[in-house]
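Just dropping this structure here.
Per-chain numbering from 1; labels A, B, C, D and E assigned in written order.
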Amino acid sequence: MESSYLIEANNLAYKINEVKLFTNFSFSLKAGEALHIKGSNGSGKSTLIRILCGITPSSKGKVYKKDELVFSYLGHKNALKTYLSVRDNISLLGLSDHEGLESLLSLLDLSEKLDVIVANLSFGQQKKVALLRIFLTGADLILLDEPFVGLDSNSHDLLCKFLEKKLHAGSGLIYTSHIPTGIRSKDITLD
Amino acid sequence: MESSYLIEANNLAYKINEVKLFTNFSFSLKAGEALHIKGSNGSGKSTLIRILCGITPSSKGKVYKKDELVFSYLGHKNALKTYLSVRDNISLLGLSDHEGLESLLSLLDLSEKLDVIVANLSFGQQKKVALLRIFLTGADLILLDEPFVGLDSNSHDLLCKFLEKKLHAGSGLIYTSHIPTGIRSKDITLD
Amino acid sequence: MNILLLLKNEALKLVKKTRAWLGPILIFILIMVAFPLTIELTSNNLSDAFYPVLFISILLVMMLATEGIFLEDYEDGTLELFLISKKSLSQWVFLKIFMHWLLIGVPISLLGAFFNLGANNDLSSSLMIFPALLIATYIFLILFCFGNSLSLTKGSALGTLITLPLTLPILVILGKLNTAIIFNINYFEFLILIFGVLSIIIFAFPAIISRIIKTHLE
Amino acid sequence: MNILLLLKNEALKLVKKTRAWLGPILIFILIMVAFPLTIELTSNNLSDAFYPVLFISILLVMMLATEGIFLEDYEDGTLELFLISKKSLSQWVFLKIFMHWLLIGVPISLLGAFFNLGANNDLSSSLMIFPALLIATYIFLILFCFGNSLSLTKGSALGTLITLPLTLPILVILGKLNTAIIFNINYFEFLILIFGVLSIIIFAFPAIISRIIKTHLE
Amino acid sequence: MLREILIIVIKKFIHQFASPKTYFYQVNRLYPWLLYISISIYISAIIWGLFFTPKDFVQGHSYRIIYFHVPASFVAQSLYAAMAISSAVFLIWRVKLAAYLARSIAPVGAMVTFIALVSGSIWGIPTWGTWWEWDARITSTLILFIMYLGLISLHNSFNNFDKADKLFSYLAIIGFVQIPIIKKSVDWWSSLHQPASITISDKPSIDPSMLYPLFMAMIGFAGLVACIVILSSKVQIYIREKNKNWVKDYV
C-alpha cells in the first residue's frame, strides 16, 4: 500500500546549469525507519534533503509525501537569530511554553544560557539550541543535515538517544553525517 | 632552554563577566609537537586558542612565543568572502601564484570549483578552501579550531597527512576536535 | 493566534535589532536637523526647500529601513523553515511590511508632520501632510520590499536600480500634493489618488513578493 | 608590494560587492534625479533647493557607503586573521577608507559637479564645488568609519548617533561655501578650512579606529 | 472529454509553434523581407521628410529631427509593452520561447530609448535652449531607460537561467505601469514638452505634409527595430540552447 510510507522518492535527478549532480535516486521510508544519506563533500546530500523538503525543485522525478505529513528540518544553517537570546529564539517558534523545555535545557547543559544572546554561545552550543528547537517540535518526519557537527561526545549520545526514541515512537528520520552515529539506519550513498 | 619552545603558556585563566571559564592552564610546545585541546561544548577551547593567538587577552597568566614566530589560525569562521570566487579568495592572501596550488586543488577535489563563488560551494567544500589557504601559507605554528568539521573521510585523511608532514618538517600544531583524528599528539582537557 | 505570533516575532526582531529599527528614524531626524544648516538663509528659502527634502528623505529612509529586509531570514535559514511550515508566505510578507510601517513608517510620518510645524509654523498644513506621509511611507516600504526581494542575494544596488522607476510616480504625486497643500486646492484628490495606489498594492505585492522569494530559495 | 596587495584586495572586495560600491552611487543619482520631480517647479525654486539637497545626500550616501564597512571583515573572521598577520591595522584602515573614497567619493563628487551644471547651468560654480565635494566626501567617510568602528557589533544606529554631531560642523562650512560660491567671495578661505580639517584627521583617525577595532576583537 | 482533447490539441499546437527551433527557422525566412521593406520605407520617409517638406514656421530646419525622435520615442515604449506581454506569456504558460524573447527585447529597448533621449536632447538645444530639463515626460523616458538597464542587470546577475527568467518576468510586468505614465505625462503635468495634440508649429494640428512622412518613418523605424530584435533573439536562443542538437547542426 502506498499510504504506509511516510515519504517516497522516485527517480530524482538534479542538474545545476546543465551539469548533473545526481540521477536516479529512489527510496521509500516507513514510520520508524531511518535513512542515512552518505557521500563525499559536494556530492549533493544537502541539495537532496532540500529537494525532499520541497524547498528546491528537482530537475526530474517526484517526491511523494504522506498526506498531512508534519516534518521538521535543520540544515547547515541553524536558523537562529544571533542577536536574540536563546529564550527569544525558542519563543520565535512559539515553543517557550513547551513543558519539555526545562528538562531538555538541563540535559543539553544550556539552562544557564537561556538569557545569553546566541552570538555569545560557543559553536557547539549554538548547534544544540538549534537541535533543541527541533526536539520541541513534534514532527512525523525529521530531516537533519549533519546534525552531529561540532557536538561533544556527550551531546552526540544525547542526540542519538533522542532520535532513537523518536523512531520508536513512529517518526521517520533522514539525515546526513560524515562521522559514524550509532543510529540503526538504511544507508544510501551519493557519489 | 626557553628558546627551544615554539610557544609556552603559563597559568592562563579566563573569566567572562566574573565567571571563570578555565584556570591554571599551562603547557609548552616544541617544534614537531602537536597539542590536542579537548573539552565539552562551551568549555572554552575556542577562547583558549584565541588567547594563544593573541586576539583575546587572558584574564591571568601569560603566553610566551618564540621570537619571530610565524603562525596561522583557522577558527570556526572560515574567513572566506562568500561573494568572491575561490580564486579571488586565494589571491586575497596573495597566494594565487603559489606553486603548490594546482596539486593541492586537485587533491582536495576543488580544481573545477576555482571560478565558482564560495557561496555556491557545499559546506565541506568551503571548509576545504579555508584549509587550503592554511596549507599554502608556510607557518611555524598552526592553530586550528575544529578543522575536521564537515569533512568527508577522504578529506579528513588528507588533512591528517598534511598536518603530520608539517609536524615532521618541524612545525608546531595546536588543534581542537570532538572526533578522533589519528594525529599523534599530547592531549589536554578543559572541563 | 498564528498571526499574532508572527506579528510578535517581527516586532521582536525589529526592535532588538536597533540597526534596523532606530537607525532609519535617527537618520531621518539627522537629515531634518542638518538640512537647515546647509542653507545660509532667510527662512523663506528654508520652507521652499523643506518639502523636497522631506519627501526625498522619507524615500531614502524607507529604502534604508527595508535594506536586507529578507536577506537576514534568507541567509540564516529562517525562510526555508518558514516555507516548510506550510504557513502562508505572502501573509508573512504582508505582516513583515506592516510591522515595519508601524515601527518606522508611523514614527517618521509623525516626525515629518512635526518638522513641518517647525519649518512652516502652520498647524493645518501639518495635519494635511500627516496622512499623506502615512500612506506614502507604506507605499515606499512595499515598493522597496519588492525591489529587495528581486535582488535578494545580489545586493541592494540592484534592488534600488529596480525600484527607482516605480517610486518616482509617487514622488511626483507627493510634489503635486505639496502644491495642493500650499495653495489649498485639490488636496483630497491627490490624497485619494495615493490611497488608491496603496489599496491596490497593499495585498497584491505581498503575493508577488512571496512568489519571488520562493523562486530565490529554489 | 604589501600595500599594493592590500589596496588591490579592498578594490576587489568593493567592486565585486556591487551593493557596497554601485549602490551608494546609484542612490545618489536617484536622489538627484528624483528631487526636481517633487517640486512643482519654476527652475528658480529648483536651484534654491539644489545645494541643501546635494550636501545632505552626499552626507547620506557616505553614510551608506560606510555602513558595515568593518562588520563584514569582523563577522567572517578576516579581521582576526589580519591581526595575527602582524601587518599594521591602522594602515589597513587608512587604505580601506582611501579605496572607498576613490571608488565612491570621487565618482559622487564628479556627479555632484555634473548635476550642479544641470541645475544651475553654470560651469564655474561646478568647477568650484568639485574640489569641495572631494574633500567633504573624504571627511564624511572618515567620520562615519569612526562611528562604525565604535558601534561595530551593535548596528549602525548607534554609529550614526555618535557621528552625527561630528558631521554637523562640516555641513555648516559647506553651507557657507555654498554662499561663497554664489556670491563669489571667500571661496578659498572655506576650501582651505575643510582641507585643514581633512589633513588633520586623515592620518589621526585611522590610528584611533584601529585601536577601537582591536578592542572589539578581544 | 471532448474539451480535454481540445485542450491537449491546443497545447500541442502552442508547444509546436512555441518551440525555439520552429521560431528560429520561421524567422530566418521572414527576416530578409522585413529588413528590405523596412529600409525602403524608412529611407523614402526620410527623403520625403527632409527634402520635400517645407521648413517649419517656428523652428526652421531643426524640426526635421522629428523623423528620428518621434519614432524612437514611440518604439521605445512599444518594445516595453511587447516585453511585458512576452513575460506574462512565459509566467502563465511557461513558454520558454517567450522568456527568450523578453530577454532579447531588453537590450534593444535600452538602445532605442537611448536614441530617443539623445535625439530629444539634441532637439532641445535649438528649441528650448537647453539640452536637459527635469520635465515629466523626459524624466519618465530616462526612467524607462533605467528600467531597461535594471532588467538587463537583474537577468545577468543570476547564473541560473531558470531563476533569472522568472525574476525578470515579474519585474517586467510590474514595471509596465510606467508606460501609461509616460504617455499621459504631458497631459497630466504642465510641461515644456510637446503634448500630443499640439504640434511644433503654431498650427492646431500637424500639417499633413509632415504627418505622412512621419507616419511612414514610424513604420519603417519599427520594422528596422523588429529586425534587430530578431537578431538579438537568435543570439539568446543560441546562448540558451547551444547544447541542443539542432543548434549544433545549424552552426
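Side notes on the structure shown:
To be clear about the criterion, contacts are C-beta pairs under 8 Å (C-beta built on N, C-alpha and C of every residue); 3 or more make two chains touch, one makes a residue touch a chain.
These numbers were taken from a predicted model, which means no experiment stands behind them.
Note on connectivity: the fewest steps through touching chains from chain A to chain D is 2. Bringing chain A onto chain B by least-squares fit of CA atoms involves turning it by 180°, to the nearest 5.
We define each chain's centre as the mean of its Cα atoms; on that basis chain B and chain E are separated by 58 Å. Separating the CA-averaged centres of chain A and chain B is a span of 28 Å.
Chain C and chain E have Cα centroids separated by 33 Å.
Chain C and chain D have CA centres that are 25 Å apart.
Residue positions of chain D touching 2 or more other chains, listed in rising order: 17, 33, 37. For chain E, the set of residues touching two or more other chains reads 136, 139.
In chain A, no residue reaches two or more other chains under the touch definition. Contacts from chain B toward chain A in the complex involve residues 39-42, 46, 76, 109, 113, 121-125, 128, 146, 149-156, 178-179. Of all residues in chain D, only 17-23, 26-27, 30-31, 33-35, 37-40, 45, 48-49, 51-53, 55-57, 59-60, 63-64, 154-158, 160-161, 164, 167-168, 171-172, 174-176, 178-179 touch chain C in the complex they form. Within the complex formed with chain B, the chain D residues making contact are 5, 9, 12-13, 16-17, 72, 75-78, 80-81, 83-84, 217-218.
Interface residues of chain A facing chain C in the complex, by the touch rule stated above, are 50, 53-57, 71-73, 75, 77-84, 88, 92, 94. On the chain E side of its complex with chain C, the touching residues are 136, 139-140, 143-144, 146-147, 149-150, 153-154, 157-158, 162-163, 166-167, 170-171, 174-175, 177-178, 181, 189.
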